[in-house]
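I am attaching a structure below and will ask some questions about it afterwards.
Labels A, B, C and D are assigned to the chains in the order they are written; within every chain, residues are numbered from 1.
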Amino acid sequence: MAIQVVVWGENIHDRENEVVRDLYPNGMHGTIADALNQDAGIEATTATMEQPEHGLSEERLARTDVLTWWGHRDHGGVDDAVVERVAQRVWEGMGLLVLHSGHFSKIFKKLMGTPCSLTWREAGEKERIWVINRGHPIAQGLDSHFVIPQTEMYGEPFAVPEPMETVFISWYDGGEVFRSGLTYQRGAGRIFYFSPGHEVYPIYTDANVQTVLRNAVKWAANPAPALTDISDAPNRPTDKALEPIVERGPTLHVDGEIGFR
Amino acid sequence: MAIQVVVWGENIHDRENEVVRDLYPNGMHGTIADALNQDAGIEATTATMEQPEHGLSEERLARTDVLTWWGHRDHGGVDDAVVERVAQRVWEGMGLLVLHSGHFSKIFKKLMGTPCSLTWREAGEKERIWVINRGHPIAQGLDSHFVIPQTEMYGEPFAVPEPMETVFISWYDGGEVFRSGLTYQRGAGRIFYFSPGHEVYPIYTDANVQTVLRNAVKWAANPAPALTDISDAPNRPTDKALEPIVERGPTLHVDGEIGFR
Amino acid sequence: MAIQVVVWGENIHDRENEVVRDLYPNGMHGTIADALNQDAGIEATTATMEQPEHGLSEERLARTDVLTWWGHRDHGGVDDAVVERVAQRVWEGMGLLVLHSGHFSKIFKKLMGTPCSLTWREAGEKERIWVINRGHPIAQGLDSHFVIPQTEMYGEPFAVPEPMETVFISWYDGGEVFRSGLTYQRGAGRIFYFSPGHEVYPIYTDANVQTVLRNAVKWAANPAPALTDISDAPNRPTDKALEPIVERGPTLHVDGEIGFR
Amino acid sequence: MAIQVVVWGENIHDRENEVVRDLYPNGMHGTIADALNQDAGIEATTATMEQPEHGLSEERLARTDVLTWWGHRDHGGVDDAVVERVAQRVWEGMGLLVLHSGHFSKIFKKLMGTPCSLTWREAGEKERIWVINRGHPIAQGLDSHFVIPQTEMYGEPFAVPEPMETVFISWYDGGEVFRSGLTYQRGAGRIFYFSPGHEVYPIYTDANVQTVLRNAVKWAANPAPALTDISDAPNRPTDKALEPIVERGPTLHVDGEIGFR
């Protein structure tokens, strides 16, 4: 069965900013979903912020293999309950692609446990993305590097934890560098952060960028059954211990009690 | 100058439970602080939940090098603003020791980005703690292993990210294992999780446990200046770029604008 | 196309020790290959030490996706040239499963860069293997733990680098623990170390162990083209630089010279 | 007591090449040792390749806390026995700083388990080194970045394992990037690779570079007792097991036998 992807878009600049509207008539999420659907193994649909529950109901997330996240203008407007729901699904095994300004989204900051801050400049300068880990599934089909002719600069230090893998590092005309492709694992869920994607440039129509997105979806999809119990803390009572033991000493909990939270 | 430590205690069972009160007349935080103060290079004081701002004012945290955290009965009662404040200080460089049931504290879950769940059993069984990384500063002065005669079992799977280092792994009478000593880095702050410490047993009076705590405080203390700007995302304008560049193409932001959050 | 696996066996105790011969009439490699071939997506053949080039010619390795390695009695007898050849193929992208006493093989020590030492006891005691990373591909189809009724104890400290992922940790009757399933990446190649497999017990006939081996083969197979140039250090001459630069200052190398090794 | 450092220099170009001789009248090792000795907490001496045992006798290494390694012209000429000796000391706890072209030294390749290859260009171009991990001890006293006016370009992909920490990333005039400061742990030993240092430019006289070297020495020094037994694999016989067990089933080893290698 095809990998089920939901492409989430904040959909504010996509509608309100003329430049963005011209570049992405169906929104950035529309262009991204189209790019993903070029792969027969992927079925991508979209969800946007203005929809009920931001388009991310429990039921829909439950059948989503990979979620992609692009937001910029109103991170603060995303409902905390939806953020919790997405995090739980990532821990259970749903893949997550965090794109560009999504570095400051609630969901990325929650999963990283760090500020996720960086430096930035909007000058339309050139970005050259170097492949660090050539054997990585996300880098397949790319040359040793590729260029994004006009980009927003994102510069180090990028306040994220050490990644599982550094897949890409970017070079900028203006003199900065940035770890532009990083992987993480949280619970059973794989996370890929990819920095290119400023909305006033046609970055999501770039063939190399689209290759990265398709590769990343396939890398992030975890076919294992969802770990729906991953947030539970089950008691293993003494009489069911794997090795025979006898209870000794005082106890705090009464039998069958649930642990404190 | 000595390392400034604040030993934080929830101080509920310490007061309300007779067994705990007898074991720890000054609270577990009192016993832990005394153990730390045996080292001339450490100055430890205590803070408890019932104090204003849980004893963790901005001013006090600003001069704290390492914070230790023990909570169990009422994680939910910890003020979110204090949790944010502690997280910010960790990112700036404050060390953090998370103890035992603190695995489910708001601050640990926030910094890990995972559920931090585990399995558990309160049977007073034996725990043998193996040193995995003998050269690690936290393991100095220990033998290849040590025993805690009566413990609460914490079992795998422990839903945390892959650690920077696995320092200890525990063996239990009842047949389980647990990664009982793990290190993490978040921003400039070092984090050590250490699982022994159930309140109805005299674990914090154990000489080996006290050695671990003193070692961990010294390991976690970062003498570098606090990165008070770590959550900022500064703009680096085109006219101040390190390499001469010319702005090209459309822009979203107006000059001097602050980035979106 | 099916994943091409070569199951390498030292084949000394398999022939010379009566107990091993009775357990594994076709050698441990034969039993392992049979277990792998139960999966239609895998085509496993065997190679043994006494064959020319230990059965691992350049040509054969070039078409191998995953190599499994079991050796014990005569690690020192493995030809260094073959070890180099296997390492190069791992760096290019071939997967490698290192089994049991293979922890002391030349190839594993070479790829780890550490002594790979451990403690051990041959008492036929019980080993309980806990799944640490339940969402990991290698753990699929397993319960939360499984038991090996008779095992050789391998104990910590295991002198290997911090792994990419800790997949399994073992509990032993005699009181030890061991990180029994660890993953690494070296170049484009994925490596999985799995500790059960002492030759005088029927461990490779165990259904759970066979599941692990099949899962690990699929996890380790990298479908990307081999990075046959991964050990090269190409010069990028000034006149072909991606950005226009002018050579300045003295030089050590003459034009077209190959770098020193 | 001061940290005991041995600054190892290949000392070939230092003597034979006029440019290098003029820049470093006492050899690069001499300049590096002088820079380290500016810190009262460090006592640095030098050793060079042409000395007996390359200046690295067992006795001298045994009292060395941190070794720095610069080689280029004749990596192949380094005696394998000395390489083994250095590796053993790293595993025991000696720190190691690998400098510039030392990426292709036998000792670095041995400890990494990868080819350690990269791309390169000798054009005297500008290198800007960005601090990625501002709170790291090795980055103390540096600004957010610093410039090396004339450098040899080292470019990605750098075929090393994922590091413990990425401390620095370099930007080059010619369009490349490089992870120029990386940390690793092997056994009890800490390793820092630092890429600047081409011999025909005065890089080791640069104030920022010298700060990095002093910081790195202090970071790499491990005050713990040397783990001289780290390469041993001790048997833990049944009658000395920590938990009472009874030997069951067949055995391969006879009592008191040493494990195979």
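Quick notes on this one:
As a convention for this text, a contact is a pair of C-beta atoms (placed from the backbone, for glycine too) under 8 Å apart; a residue touches a chain by one contact, two chains touch by 3 or more.
Remember, it's a predicted structure, so these values are computed and weren't measured experimentally.
When chain centres are defined as mean Cα coordinates, B lies farthest from subunit C.
Between A-D and A-C, more contacting C-beta pairs join the chains of A-D. With centres defined as mean CA coordinates, subunit D is found 27 Å away from subunit C. Between the Cα centres of subunit A and subunit C there is a gap of 31 Å.
A straight line joining the Cα centres of subunit A and subunit D is 36 Å long.
Residue positions of subunit C touching 2 or more other chains: 128, 134, 155, 162, 164-165, 175-176, 185, 187, 230, 242. Taken as a graph of touching chains, this assembly is complete, with every chain in contact with every other. Contact residues on subunit C toward subunit A in their complex (touch as defined above): 93, 128, 134-137, 140, 145, 164-165, 185, 187-189, 222, 224, 227, 230, 242.
Listing the residues of subunit D that touch subunit A in their complex gives 128, 130-134, 144, 155-158, 162, 164-166, 169-172, 175-177, 179. Interface residues of subunit C facing subunit D in the complex, by the touch rule stated above, are 13, 17, 19-20, 72-76, 87, 91, 101, 104, 110-115, 117-125, 150, 153, 155, 159, 161-162, 164, 173-176, 184-187, 198-201, 230-238, 241-243, 245-253, 259-261.
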